[in-house]
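Structures for review follow.
Look for subunit A in each of the two complexes below; its partner is subunit B in the first and subunit C in the second.
Our next item is the complex of A and B:
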């Protein structure tokens, strides 16, 4: 499909055409941008570097009911209604779209997680290229671009009064049909302007780290004192993992109301001791140093070893939101400078 | 693409409960029958695999299946009372309904063990996962596929030994060398130079291999690793499977090394906290290994190659 443009004033009309879809878009309230259901895409906030919470929760909600149970008069289990509603997720940044390809690896390997699969299959993702990256953004260091279309069904670029529209997948074609009064063929001027915006955005990314060699270096530093030093200020709040678009760990617990209840899964974090403690009280990762190390290793060594991709997209949320200023980019730079620990 | 809810357990009924050991961390064996005929017939496990057991309203716990796949129509779980779910299970009665999903994990590589002499070394509740293997090997369906069997098992006191009646039966067989030990006298009181109980002569701790063996005696006062030294199995054409507390495994493995066992001849199981059992929830990792999927069974060679964080 040829590249197109969509006038911003036509967002509303396009929304009306999407009547079969639940629309989720970035929404700004009190200066906080989050992804929320909206009646019309013309309500979406377009003025944001990125959302505070990543859109992963559309596919992997913070709380997910797995099933319900009854205990009396006899034990019964029952599944809730399947979510079959189609969703159009608008305004996803390229880093967060790439994170879904990483989550796919985890949720689809060996056996498919049915809840995640269903949400992925039912959702069309319309991305919005970054025009002014945040100072903590570092997507270009981990294989991304502010205008990457990986993981997106449609990529849009804000050209001021209009969007430059590129349909990437068949799913994307389902929401942007042509010929159409809304989506007009892009001109070569549109394309030139898009390229300028992309180039400018990329040049505005100031945070960089060369991750080449980090994988092997980490292998040499498993027993390094560095982790103890690094973890000294960590408060173990887990915000780095809760807000990480590629973090996927979850807990499973029962909510019991006496005669019945439900089993739920909730986001969990490897930064707290309860995450790994055995019933016996033994904990294989007893200290903050063990846990912080595990998180860094997981992203840059374990996950690549298992799934051939670094589990980080450079969104910078863990840097922006860490209450004590632990910076993953600085950590990686320091890792590269550490002396190897020999037996 | 599958839309099957992997987290939805099957209902199963407890048909028998046997008390194996009492005390604060008591051990019970639960015989469980999956309610649905089709599900029950399709639930085929390998020795060493695990299942996720549910007590609805309390939660789930991953438990090794302690019956062999050759015992049809039911599963057994030998469970120590340690955490929330296992405590709730210990409160349950025959006829109560629990949830079960699985089987999970890799299990022991039984095909690789074929034609080999099998040495089983269990300490404490570590005997539970091993039971699914030695009962598989000793069963009439598969006995001929394996060589000599040496079964070493130790607990703190005679009362702490699980599967008592079963071991009496095994002891009568001439195709198994059964060696058992108790060690409670070596507990807080240190090395007491006497037998822990009548009929359980002590093994010379300073040099176990020099212990004089009374005719027909196979019950001892010692720790499991010392009993390995006394039994001194040959590594030739053999595999050794060991489960138990980390400290016991550590010294068992050392002693097997002394006897000439290579790292690829020694197998053990690892455990970690688990929630999903299917390689998604994240917490059971040791490096890039997921214990729930890649384990719980690992050779000594595999374990040595891991980051030592377990």
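Our next item is the complex of A and C:
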């Protein structure tokens, strides 16, 4: 499909055309931007560097009911609800879109996760290129761009009064139906303007780290004293993992009420001691140093070993929201400077 | 400000060199300019990393609990030397509660108190920097200072005053006790405590009908992602095993993140903080979802004051609210 433009005032009309879709878009509540269901895309809050919570929860909700059970007196088991309706997820930033390709690797790995699969298949992702990245953004250091279209079905760029619209996939084509009055063919001026905006956005990303060599270096630092020093001030909350678009660990628990109940899957975080504690009471990762180290290792060594991609998209949420200012970019730079620990 | 900074470094250096403290807990420059970060140093060579600025908002008392909980390695003699710690008045009140509750033996902390007339709120600074069009690069090199009670910032060679009212943290606007008391040493002049009307910020909520108030909190709690940051930064949330984590013999609070379990989590926490919360505001500052937790705790602070004339953390000699009983205590349930 040719590149197009969509006038901002036409967002509402376009929303009406999308009658078969549940619309999810960024919405601002008390200054907190999160993705929420909306009746019309013209109600979306578009004035944000990025949402506080990544849109991963559309595919991997914080609480997922796997099944329900009941004894009446025979035992009945019913499967948890999957996402069957079509969803249009609007305003996703390129880093978060890339994170979904990383999550795909995990959720489609040895066995396919049916809940995730259904949600992925039934969702069209319309991205919005970053026009003014946050000062903690560092996507360009981990293979991203503020205007990357990886993982997106449609990429839009805000040109002021209109969006520059690029259809990336077949799924995207379905929501940008033509011919109609809404989407007009982009002119060369539109394209020039888009390029300028892209370039400006990229130049505004000033946080950088060269991740080349981090993987190997980490291998040498498993027993380094560095982790103890680094983790000293960590308070062990779950902000960095819960807000991370690529963190995907979960816990499975039962909620039962005697004769009925349900099994749920909830987000978990490797930053808390309960994450690894054994039934015996033994904890292989007893200290903050073990846990902080694990998180860095998982993103920059274990995940690349298994799936050939770094599990970080450079969204900067963990930096911005860490209560004690632990900065992953700083950590990676320090890792590179550490001396190897020999046995 | 820099005089205080120099003094902090000098004291830390002396304490560490003489081996009087095991290590020193203070503030260092954060990764961006808006918020300083906690730092723990044990080498006197590192004292130059210590800073003092309007961005030193964290309550460092949380690390004292870490220290107390540390178990020595098998066969190792425990190092019971005190830990040096910087404490603003609110932080000091937190330490005082730890003393009152016999969590922290007094001799385990060497408290360096700093009278404080308010810190800047990182989010407000960031917003202001955005409005002023300060470049991303400058955000990292920016200096935020306090001189003669005025906040200012310096970035890209430009120095500008920061309107105190616009950047002051909300908790500091409501602070009525600027001077730390339980200290081994005080740096800086004591500041006059302001005459403020307490509890104005919760008035609006108090005036709501029960139903509206319930709706208000329900909507807000629904947003909670249960990252536990509020309890992890709280120096007074020191339980070995929190009710929300307790899984044996049963779970009190499901891992399901929904308004009912989230409300349980927050109300349980609030109930455990009555007469203990010292309004350091850390829970609200760190909450990524913007939950106005201080409003919840402020209400309970008010109850404790009105019913029992009790003020949390005002003296280490006070018997904790929940440990005290007199025949004159109000007893509405009679």
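FYI, the second predicted complex is superposed on the first by the 338 of 343 C-alpha atoms of A that agree within 3 Å, B and C clash if a C-alpha of one lies under 4 Å from a C-alpha of the other, contacts with A are read in each partner's own complex, and residues count from 1 in each chain.
The criterion applied here is as follows: a residue touches a chain if its C-beta (ideal position, glycine included) is under 8 Å from a C-beta of that chain, and two chains touch if they have at least 3 such contacts.
None of the values given here were measured: they were computed from a predicted structure.
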**Study point:** Combined model on subunit A: subunit C and subunit B, fit or clash
**Key:** fit
Practice item. Have a look at where A:77 lands relative to subunit B and subunit C in the superposition and call it first, second, both or neither. Key: first
Check your understanding: What is the contact status of A:251 with respect to subunit B (first) and subunit C (second): first, second, both, or neither?
Key -> both
Check your understanding: Is A:86 touching the first partner subunit B, the second partner subunit C, both, or neither of them?
Key -> neither
**Study point:** subunit B, subunit C and vertex subunit A (Cα centres) - angle in steps of 10°
**Key:** 90
Review point. After lining up the shared chain so the two structures overlap, which partner does A:222 touch, if you call subunit B first and subunit C second: first, second, both or neither?
Key: first
Review point. Is A:171 touching the first partner subunit B, the second partner subunit C, both, or neither of them?
Key: neither
Exercise for review: Could you tell me if A:28 is touching subunit B, subunit C, both of them or neither one (first, second, both, neither)?
Suggested key: neither
Revision key, fill the gap. In the overlay, subunit B and subunit C get no closer at Cα level (Å) than 7
Review point. Same subunit A residues contacting subunit B and subunit C, which ones?
Key: 251, 253
Revision key, fill the gap. In the complex, subunit A touches subunit C at residues 29-32, 34, 52-53, 62-63, 133, 135-136, 204-207, 232-233, 235-239, 242-243, 251, 253, 255, 264, 266-267, 269, 272, 274, 319, 321, 323-327, 329-330
Review point. Which residues of subunit A touch subunit B in their complex?
Key: 66-67, 69, 71, 74-77, 79, 82, 106-107, 109-114, 117-118, 121, 222, 248-254, 256, 261, 263, 265, 268, 270, 275-280, 284-285, 290, 294, 297-298, 301-303, 305-306
Check your understanding: Which residues of subunit B touch subunit A in their complex?
Key -> 1-9, 11, 54, 56-61, 82-84, 86, 97, 99, 271-273, 275-276, 278-283, 285-288, 293, 307, 309-310
**Study point:** Complex interface listing, subunit C residues touching subunit A
**Key:** 30-32, 35-40, 58, 62-63, 123, 135-137, 139-140, 220, 223, 225-229, 232-233, 245, 247, 251, 254-258, 282, 285-286, 288-290, 292
